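Chain nomenclature is as follows: A, B, C, D, E and F, assigned in order of appearance, with residue numbering initiated at 1 for each chain independently.
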Amino acid sequence: MEQDHKLVTFGETMIRLSPLGHKRLEQADRLDVHVGGSELNVAVAAQRLGLKASYVTKLTRNPLGRMIANKAREHGVDTSHIVWTDEDRVGLYFVEFGASPRPNTVIYDRRDSAIAGIKPGEVDWKAVFREASIFHTSGITPALSESAAEATLEAVGAAKRAGLKVSIDLNYRARLWSQARAREVMTELVEQADILITTEEDTKRVFGIERESYEEVAKSLAERFSLEAVAITLRETMSVWRNRWSAIVYADDDIHRGPSFEIEIVDRVGSGDSFAGGFLFGYLEDGPAAGVRYGVAISALKQTNPGDLVWATREEVERLLGGGGLRIVR
Amino acid sequence: MEQDHKLVTFGETMIRLSPLGHKRLEQADRLDVHVGGSELNVAVAAQRLGLKASYVTKLTRNPLGRMIANKAREHGVDTSHIVWTDEDRVGLYFVEFGASPRPNTVIYDRRDSAIAGIKPGEVDWKAVFREASIFHTSGITPALSESAAEATLEAVGAAKRAGLKVSIDLNYRARLWSQARAREVMTELVEQADILITTEEDTKRVFGIERESYEEVAKSLAERFSLEAVAITLRETMSVWRNRWSAIVYADDDIHRGPSFEIEIVDRVGSGDSFAGGFLFGYLEDGPAAGVRYGVAISALKQTNPGDLVWATREEVERLLGGGGLRIVR
Amino acid sequence: MEQDHKLVTFGETMIRLSPLGHKRLEQADRLDVHVGGSELNVAVAAQRLGLKASYVTKLTRNPLGRMIANKAREHGVDTSHIVWTDEDRVGLYFVEFGASPRPNTVIYDRRDSAIAGIKPGEVDWKAVFREASIFHTSGITPALSESAAEATLEAVGAAKRAGLKVSIDLNYRARLWSQARAREVMTELVEQADILITTEEDTKRVFGIERESYEEVAKSLAERFSLEAVAITLRETMSVWRNRWSAIVYADDDIHRGPSFEIEIVDRVGSGDSFAGGFLFGYLEDGPAAGVRYGVAISALKQTNPGDLVWATREEVERLLGGGGLRIVR
Amino acid sequence: MEQDHKLVTFGETMIRLSPLGHKRLEQADRLDVHVGGSELNVAVAAQRLGLKASYVTKLTRNPLGRMIANKAREHGVDTSHIVWTDEDRVGLYFVEFGASPRPNTVIYDRRDSAIAGIKPGEVDWKAVFREASIFHTSGITPALSESAAEATLEAVGAAKRAGLKVSIDLNYRARLWSQARAREVMTELVEQADILITTEEDTKRVFGIERESYEEVAKSLAERFSLEAVAITLRETMSVWRNRWSAIVYADDDIHRGPSFEIEIVDRVGSGDSFAGGFLFGYLEDGPAAGVRYGVAISALKQTNPGDLVWATREEVERLLGGGGLRIVR
Amino acid sequence: MEQDHKLVTFGETMIRLSPLGHKRLEQADRLDVHVGGSELNVAVAAQRLGLKASYVTKLTRNPLGRMIANKAREHGVDTSHIVWTDEDRVGLYFVEFGASPRPNTVIYDRRDSAIAGIKPGEVDWKAVFREASIFHTSGITPALSESAAEATLEAVGAAKRAGLKVSIDLNYRARLWSQARAREVMTELVEQADILITTEEDTKRVFGIERESYEEVAKSLAERFSLEAVAITLRETMSVWRNRWSAIVYADDDIHRGPSFEIEIVDRVGSGDSFAGGFLFGYLEDGPAAGVRYGVAISALKQTNPGDLVWATREEVERLLGGGGLRIVR
Amino acid sequence: MEQDHKLVTFGETMIRLSPLGHKRLEQADRLDVHVGGSELNVAVAAQRLGLKASYVTKLTRNPLGRMIANKAREHGVDTSHIVWTDEDRVGLYFVEFGASPRPNTVIYDRRDSAIAGIKPGEVDWKAVFREASIFHTSGITPALSESAAEATLEAVGAAKRAGLKVSIDLNYRARLWSQARAREVMTELVEQADILITTEEDTKRVFGIERESYEEVAKSLAERFSLEAVAITLRETMSVWRNRWSAIVYADDDIHRGPSFEIEIVDRVGSGDSFAGGFLFGYLEDGPAAGVRYGVAISALKQTNPGDLVWATREEVERLLGGGGLRIVR
């Protein structure tokens, strides 16, 4: 039961390698292979709920590039607009799973990936946006390189011209660019956006916004950038493997609160992205209150799956929202 | 150090397949293989404690059927009365391990298994019950098919005639039959039983019995069906991976309470069955108070083992009952 | 670089479970999970070479059903015409890998699968065949049940009416139907076909055709059924893990011979299907000589991949056809 | 379909640990766990074919000891006469799988195992041999220690007195005792035996017998020790992973030759033992010609299973003897 | 950035085998391989922080012996003073990971290891102690055998003569010797020591010291044995997988308290040893307050690594001491 | 028993990732982790035989960099001269294991590794070469970058000045540089060398030398570059998993032939490097005939180990040279 809407997302997906059994990377003899990247994660969450999604990136024609496109298609995401190149390389990242008091660690090896070398003009956005209703990217994509920042601005401009809504996840990555540069570029992007998804902390780091409550932060962002909706995810870290998770959205002069779940974490990487995918689905389906509910529920479930991508179904998300409980489902 | 008693159990065992590392079934590339079925689980728990057990079922002559008999024998359970057939098939079930807020999920693929096709007359119960002192089955066996219900009634009747005690675990499975049909058949079975093992919830679903406390439920069941003992297991689900577990038994006009354990769950499937096996052992050894103590302790340990079958020893069970503590045992 | 042609295939895909490390199924503690079924295997081989493929089947709406569709899409195969149902079940099969003198063994547990219950009218063939140029199925599909045989005949008829070529792989499965019934149904199907893919042995078992050479067999089939091409795959089994593999095709009154490869087998299941996929690609691209070359090469490579599905690329197939050699490719 | 005969075997079983994927032990991060010991291997092969087997050993009451008894029972072998002790320890051995030109390597860590400490009088042989028809042990058991040698002699004597046939596998282990001591003890044992199973090489090392052909060796042994049957296994090692395997038996003044198989080795440890189990089954069933046929076939199949124990069925053995071929069995 | 100091440790390292996925040893099909032994664990923790360490033991010249030396060197520990022998054997131990209410279990199989047979005179301590500043051993080494006790006394005497500080971890192992014998030998050893590391419980068992608080215990030990520093580790076991961990040290007439961490345990074996390694590093670097801080932090991190050996870096330890937090480190 | 000689090698080591079970990289869910690089492989082979080796490279201070140094030390190789940097990155490479007719495939992802950025002056060669007798590098090191070529020339010059012999493995990598540039740089390097190790094919590609036999090639190289020894490895590829392997060396106006082994390949990556390590050991020990014997034997054994590094011992190498045979070593 798919929606009539169609989402387009744009960004980098990397091969993700992680040691098994809580081993440190330094002692690893085997690595689990997943694929993950913020905007693909969003597309997968949306598609699984029923919001058709197309994912745009630039990939090297080699087994690792193919693996990324394969996994997107495995979840039903359209990959027909991916730009293929013979240029190296496919970015990688390593995840070490911690345990209190040792936090999870991510080591990126993404420099000089094919998508970092993307330039305006390489994607035929007009074709991509045909029949699409919403475009989503995050602050990671423009942070990849100067030319990637230009290509992101090109994409957002094209989306607006094609009549799409634009959704941005702030997603600040300190290893990729400075706060000053992030502020400059993200301001330009968010000014064209309709929807902003972020955390209190990123808002502070990128826009320097601090308020007494996250509700105030959301309202302040909505006003500064004339946004129709601002969603903020909320995580309380009781321990590495036990978190509390929720979100709010400010829209229509109102705060809509999502449910709050205590989570036995299996893999928290990509939870914000699953929230975004679920939020966009719900928002397009039935407004901000539905958005924050679907967003929190699917991202809570995502944290109980290994890998960046969520494997929940719409039925499972709705069961959780309906107060499903923890008994064995037989 | 075995008891002089001998237990006979009767029911279905399936091949159990479960993804590793909390993967969803949909994303599984490998599956762990176990065998499990309520009545085999009971036999194994009893046998490991020292109550000799014989397991009766009907199995297809193929590697999966042999695997089930092998695993029963691995734990010392007698398999000489299993009915072998060339008819397909061996039932399967899939377990997905969840993590809060995602519950564990069980998907059955057991339709048309060999045991579901069993009919009265296929087992020589007279031979089976020679030298046996107690017969146990659960509400799953008669739920498998009409003919399996008849075969179960035949078995219970034969057990009574042979002078055995009869123990029934109510074990209601909504996917297998309706509450109405369950009530009808289970009433006929429990009326012939001496011991009933159940949960508050199953009692309500099958017999419509609701009382202010589970103690009252047990008493009420004992009275309605003239049972010598009614045991009720108690689980508090703090999270998918942290539960509190205990049980009570009503017998001799008295409530006997088992110990209560906080459990770091490894695999909770089969805990009620291990309780039953431990309870029968203790009950035959030293009455209801011993029964509930052995039952709770072995089933608490079972929940820290992967698979449906318990691997504890009598010595470990008694160490736990003696207040063993959590220090490393060297 | 895709062809303009589009292939539609129709049949059953099962979940395939196989023990690791040459273990017998009876001793397995883990099972590798793959998906496989003759017509999906064909679609994947074709799609990987550049012949767009759409796969039609009937699947249960559960994680196993979704896994099958996911894996088809992972390889780029269109799944939009799959019929989804709430009826059980997804068929399974078990593969035990042997070693000389122990042959590989396959145990099917496919009875009562959703696709076996398919009836004429459940698939909108008119929509499926829009823009398609060729339809392929095998002798397994009509063997699943009486209604599946009718549905297969319906599909072939619709394909002819829609102007598609029809390709049939004889694929006789003795466990599914008798030779007499196979002959009856397959005669009706092959009479409508343009292309037949088979082995000398299946031809003998189904149609009773025996000739002095496989070239004569191919010619005889072409004549009896007025086929434009008959392909016969040839396997010489030096040992379980070392085979020689080739094929011939009779078309245009001529025998076209494929290359012959000595193969260090990794997994031979599905090789005939990969041949069919490669053959159809090459045949549509450049006639029977190209067909037999692509067919043999991609199916030789398939036998060096674990799983039923082939993971080779067109570039690798052509490198092999160009005499690639066995040196490390760096 | 079991025979009326019953076999008793006596010896040591160890926990066997082997690195995966051809890793050297020095580089191993994981070890596969099996159990294996010559006389248990014999019992399992016999039992799987239908010759009831009881295995006698002495085991430490700990998880490793229990694992050995469990695995015996898993295959249906009777373990009720095992002697349990609180004394340490369970012997271990490590297997490194080689590849030409690196041979397989076995490292024993069996010193001071519980069975090595066995003394005459610890086993109630009279009870053990009740209803038994044949007793089997190998040259490893008396080599474990002086007291184990005495216990072996006690067992053989008791077997003869109880009217059992006695079967001995020469099995010389140079690490356990000298050739001189082996000759002394084995002479005493074989003089009481009815059946001897060996290799040309062991015969030479223990008894100093060299003849022009292995047929002559067998005849010479039969004559020297008044044996009713002497079986000699024959291995040609083309490479570590490809061997040719056969056997002959001298009995009734005649040489009976078993079939000869080219084997793609998966795990050759325990092949001689599987031969012995199969030989004894066939010999009791139908004389020496049957013995050598069953012996060669089951031990050929054993070499395609991981672990010391064979997992073949009587049906599979007979299929191989009937010229089963290497096609996939579906 | 290494210190100028050099640590020498002396004791036994075993091959450690543990089932995966919380399996009981009795049900294990695979075992993870690690190496571990108290004094090697100390050396590794120290070396990783920057205190050069040399490890002395006696090892059999076989793959298991080499593995132990390899793993020491992998962490940078000097192995040039290891005594190599052709005598068997390398000790083993098995770890079963529990879950509440089942504690972790350790089964030793270390009897008759090469190091247990060490005698005075086998190590050239004069050469070993050249350029070294501190010697560490534990109560396990003298407990291995009478001759090992003598060799330990020889080592401590040589260390004192060479002007080294001597550090002892009390580490009482009830399976290896009696409390009476432990008290006798450990008194002689601790009287020559400068630093004692222990737990309240071991102090009570070995020296019979009980005080109102662990601070009093430490002070009392320091006074009785004229020690310059006494460290006591403190563990609160909320559950098998959740512990609180800290330590204190008494030195210079003062109690220095380490930080306290709530730990999500991955593997707690070897935590006391990592504390000792970290303590010695910090103590030599900057006195007792630094010692207890480094000791607690590195041993807290150790408990989140699989295996006995710690894989943390000095930078990670200092990040934790600086209040690193549980956010993902990117 | 170490030699008095000491070897220094210089080059890049990468993290090597390879799918399990013959999976294609595109289908991998897990990757085995090894480390490998030509010159480290040489150092390890030499060190294991008894020729002390020190390995020089430039590594990033992160877990991957540490893993490379750890693994070198695990084999006893000195790592004290490694240059550590905060600059990214550690190079990676992927190995896909093929099976006939699919060759093994290597995909490099080594661009911009730390060692590629090395410049003259970063290594204190004078200190490195103290007490060393021979320096070895390969044609890969200068191919990494212009500055790496300069650093290699610096190293060779310093080695000559310090009185070391210089050994070069030609090792042409077409992906790293052109034949023209390789010829230019390698000529300059080989002119300063004493020993050259190569294959007929690389000689042709780099120096354009073609002769009637490889003996002539070796002689011609020795003459052109005034070398004291030229070794040529010889591989015959019967299939991907079955090769024949040998080598010759030209020295003292004579051809010395190594033994020839048929190899059941487990992992052929790094065989040439193990040859070099074994050759240098034997050559320094006892001249060219010994060199070629040790070189061929250790590299034959290496091909039966997973990973780039060899795990054989001197004893095993000599057993093979003594005609060890393929029987199980017990």
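Going forward, contacts are C-beta pairs under 8 Å (C-beta built on N, C-alpha and C of every residue); 3 or more make two chains touch, one makes a residue touch a chain.
It should be emphasised that the depicted structure is a prediction, and the values quoted were computed from it without experimental measurement.
**Student:** Show which chains lie in contact with subunit B and also with subunit E.
**Tutor:** For subunit B paired with subunit E, the chains in contact with each are A, D, in label order.
**Student:** On C-alpha atoms alone, could you tell me the rotation angle mapping subunit C onto subunit E? Nearest 5 degrees is fine.
**Tutor:** Resulting rotation angle: about 180 degrees.
**Student:** Where subunit B and subunit D touch, do the two copies share over half of their residue numbers, giving same, or under half, giving different?
**Tutor:** Same residues, largely: of all residue numbers at this interface, over half are found in both copies.
**Student:** Rounded to a whole Å, what is the gap between the Cα centroids of subunit A and subunit F?
**Tutor:** Going by mean C-alpha positions, subunit A sits 45 Å from subunit F.
**Student:** Centroid of subunit A to centroid of subunit D, CA atoms only: how many Å?
**Tutor:** A distance of 61 Å separates the two centres.
**Student:** Which subunit A residues touch at least two other chains?
**Tutor:** Residue numbers touching two or more other chains: 24, 26, 29, 32, 70.
**Student:** If we use the touch criterion from the header, which chain pairs count as touching?
**Tutor:** The complete list of chain pairs in contact reads A-B, A-C, A-E, A-F, B-C, B-D, B-E, C-D, C-F, D-E, D-F, E-F.
**Student:** Quick check: in the complex, which residue numbers of subunit A touch subunit E?
**Tutor:** Subunit A reaches subunit E through residues 21-24, 26-27, 98-106, 108, 173-175, 237, 239-241, 268-269.
**Student:** Provide the residue numbers of subunit D that touch subunit C in the complex, in ascending order.
**Tutor:** 20, 32, 261-266, 300-301, 303-307, 311, 316, 320, 324-330
**Student:** Contact residues on subunit C for subunit B in the complex?
**Tutor:** Result: residues 17, 24-26, 28-33, 62-64, 66-67, 70, 88-90, 92, 94, 96, 107, 109, 111-112 of subunit C touch subunit B.
**Student:** Where on subunit A is subunit C touching in the complex?
**Tutor:** Answer in residue numbers: 70-71, 73-76.
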